[in-house]
Amino acid sequence: MKLTILINCPDQAGIISSVTNFIHTRGGNIVYIDQYVDKESATFFMRLESEFSNTLTLTEFTDEFKTSLAALYQMQWEVHKEITVPKMAIFVSKYDHCLYDLLSRYSSGELDVEIPLIISNHEKAESIATQFKIPFYHIPVTKTTKKEAEEKQLALLAEYKVDFIVLARYMQIVSQTVIDQYPNKIINIHHSFLPAFAGAKPYHAAYKRGVKIIGATSHYVTADLDEGPIIEQDVATVSHTHSINDLIAKGRDLEKIVLARGIKLHIERKTMVFNNKTIVFI
Amino acid sequence: MKLTILINCPDQAGIISSVTNFIHTRGGNIVYIDQYVDKESATFFMRLESEFSNTLTLTEFTDEFKTSLAALYQMQWEVHKEITVPKMAIFVSKYDHCLYDLLSRYSSGELDVEIPLIISNHEKAESIATQFKIPFYHIPVTKTTKKEAEEKQLALLAEYKVDFIVLARYMQIVSQTVIDQYPNKIINIHHSFLPAFAGAKPYHAAYKRGVKIIGATSHYVTADLDEGPIIEQDVATVSHTHSINDLIAKGRDLEKIVLARGIKLHIERKTMVFNNKTIVFI
Amino acid sequence: MKLTILINCPDQAGIISSVTNFIHTRGGNIVYIDQYVDKESATFFMRLESEFSNTLTLTEFTDEFKTSLAALYQMQWEVHKEITVPKMAIFVSKYDHCLYDLLSRYSSGELDVEIPLIISNHEKAESIATQFKIPFYHIPVTKTTKKEAEEKQLALLAEYKVDFIVLARYMQIVSQTVIDQYPNKIINIHHSFLPAFAGAKPYHAAYKRGVKIIGATSHYVTADLDEGPIIEQDVATVSHTHSINDLIAKGRDLEKIVLARGIKLHIERKTMVFNNKTIVFI
Amino acid sequence: MKLTILINCPDQAGIISSVTNFIHTRGGNIVYIDQYVDKESATFFMRLESEFSNTLTLTEFTDEFKTSLAALYQMQWEVHKEITVPKMAIFVSKYDHCLYDLLSRYSSGELDVEIPLIISNHEKAESIATQFKIPFYHIPVTKTTKKEAEEKQLALLAEYKVDFIVLARYMQIVSQTVIDQYPNKIINIHHSFLPAFAGAKPYHAAYKRGVKIIGATSHYVTADLDEGPIIEQDVATVSHTHSINDLIAKGRDLEKIVLARGIKLHIERKTMVFNNKTIVFI
């Protein structure tokens, strides 16, 4: 059994020693350990991977950990068994380059997820979903139908037991109701190096400002649009010769890569969220 | 004689042909040509380098060009003889890494400028100026003395026949009076990837937002703080492990390089400013 | 009519003026001009894009240019009418990430080519070809059948009137016979920053050497393996924590992007080959 | 007291738990822990930083650690007290940009070292050493005087109690005798992305090959020229327009940064060498 353990708690001396000792005495071999202390808030964060070759079960580990260390150090914590493959829903609108990219990675075995469904407010992506044999749901969203549309979305997400959601250039604002059900479990790709050019039409804004680099940002979705915890960013150089369309074209590769990287970090339980920032253990 | 010619004018057919023909018939050999059309405003930009092995003088070239092509096409244009080494003033405050970097590049012959003087609102940089044998002027700036200080600065800039000014982490706002006398001739380094984190303390703001990249921007100074035409930008990756001080340290290398690159482009007459953006012919 | 003209010839004064004048007097408006002189060999290179709104035909332009300027300056030159969409054959073996990437770009309209066929020495890619509705030919290659296999390949390439070939991780050496028929028209992706780690298993070699960056290179194929003119390169940072499999995974994104960029430059007639190097007019 | 502890030993279960427990029971608070296992050789590596607010001395810690854990797990290990500032000798030849850069960083307090001396086989750098008030020794090296020159160097290094040596573009081969006395304590900057373009004149070779990226590599010096463990690498994009001199100029910034980064990692005891590769704990 291989476990990945994520911990955060008020910082104090002895946590590392206690946790590693706990694991060692249960027969676990620690194959990864990384830790971080946020000094302003005196909060301790740790990520461990541990292999158990004995008969210990996840339930036993969880029970013992909860009643001993977790209680002692007031930990917020989670533990994941390696074998669990998360279920990822994809939301998409008209731009399909990120969708294609994710499905290609999925098909070639690069992304260790199940993709139980694709939801779109447009019909355009249906043929791509069909091509990759993923169930597709067309749920149009208008001002008047937004609430109803979200109920449909939530019903589908529940039905398919979705673990997390990827907004692969989904051009609708996700409401508080959905966010509350999937806290730090909705990953969006924004087509700028945030906080520059938040909001609509970032490539147009970048062109107007005459920047020499453009970027993309994958982040967890929160109630404040484009203000959620940043997971990953990357940039590319541009020049005065690039038209808005050139920026859009060049940005597509950034978006694909930055979104895929963000998703991989999430799948591998390498991200923790604190104070609207991510701690990314790599 | 080697000339560098910069032109902008309303776009129309035939300009390239006319200009290259003009140069050819005066015995010039074009060794560089690049052009750009801003489609929104239908404005044409061109940069040429041309070698003349005959007896043509700069004055003759200028006179003929002005009365023929420049008038015909309503050009704004400038011509530079290669031999002219521009005079660059450096303004600096307390942070001296950019100053050191520029003086090192200057000493090793990398920057083809004269540096007639360094002006600072602090005394700290005096020893560095002395070390590199550059005249140093300490002009403190306070709210009440700002106007007087600028008069001193302008007098010195005039006395030393300064061509352009570099703000090498100069922490005072340059007023409209100075900008008006040196339009598109004041280069600032801002320690963020603008337009993100304009204003004071960008590393603190970057830390707070939890970005995964930090950057630096060199730009021409205009009346709107940190809003001038961007010449050059670069970025570096950071993570949650970087404290604000780490960001500051990592950012220093970016600032040095991005400022030096911006200055070089300016010295080599490779930049043109239009619509608050730069066209950079490389 | 929009023409793209590529020229190279012995360098001498007056070429730019002559060519731009030739185009102007035929009613062409030059919308792009870039030139380069290789000083060692005194060779001049130029790329122009020109729009003609009159009734001039490609044949007329070609005939006049050939008998006047091309002859006068001993030019090697080519002219392309914008409307011609090139036909690109894809060769692939077992690794399909580049194939998926190219087909996704093709499907979404990003790559302005026709893809008349995919050829593979393995059967694995057939389902992907089917998925994207591209004819697929399985041509196994063994030592004894190599010659025969290449004849089949060449017959198919001729039948489909293929303009250029992309080796999207095709793990067979392409023989001189094929190269001779498609000079500077076969683009390969090599999974290292050449000239480092030429030959087989570059990620293994990179791991063994302990490099801190890995790369990918797209280049035209010549008789010398991995020694052809480089079109495009890019790199990514790695660390001691990356296993060989991690390097392979991280490299996939580089390979996809570097190959796609190389292909785009080729399609847009932005590359010229000289002295086993590329001149890339961007 | 703050200690940095570096450990490597045969991998087995329980090491992390034992070491963290050892530190905790001596009253240490672990503020940094990172570990790595080389799977091929089953070797375990760990780096810890630990703060002791009690009266434990370095000698006590060392003695106890040696006789308990170090012996038990057959560790190779070292411990450093934070307060020790290492002594760094700089060797330089004619190119002085790295020298200037290091001295600027040193002067501004960015590099936490002492620089007791600069040694050069040329006189050129003397004025720079004087400018920064560092003792300078001119030791010419010819084929016949090489042995004698090295004896002088070694005598000076011993006299000044030098901890490690930086070859800041020192163009002489350092012999086995010197390397043996400073194993993994001589840092060189090579002006290419090794293993590409090892040996002399890498920019010339890069130009000839027509690469689209150039690079720099800082590495520990071993008997095999340019083959030592790589600490840090970085690259920059170039194009056909760059002459050899342009590559040299552009490469200077890479060399400065890559060397400075390598030195910082070494100073902060973040590097471990194994199997001719570095493990860099960041």
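Descriptive notes on the structure:
A, B, C and D are the chain letters, set down in written order, and residue numbers restart from 1 in every chain.
In the analysis below, contacts are C-beta pairs under 8 Å (C-beta built on N, C-alpha and C of every residue); 3 or more make two chains touch, one makes a residue touch a chain.
The structure displayed is predicted, hence computed values, not measured ones.
Chains that count as touching both chain C and chain D, per the definition above, are A, B. In this assembly, the chain whose C-alpha centre lies farthest from chain B is A. Separation between the centroids of chain A and chain B, computed from CA atoms only, is 41 Å.
In whole angstrom, the spacing between the mean C-alpha positions of chain B and chain C is 37. Looking at chain B, one finds that residues 241, 282 touch two or more other chains. Contact residues on chain D toward chain A in their complex (touch as defined above): 13-14, 16-17, 20-21, 23-24, 29-35, 37. Chain C meets chain A in the complex at residues 96-97, 100-101, 104-105, 107-108, 110, 131-132, 241, 249, 252-253, 257, 260, 282. Note for the complex: chain D touches chain C at residues 36, 39, 193-197, 209-213, 215, 229-235, 239-241, 243, 275-280, 282.
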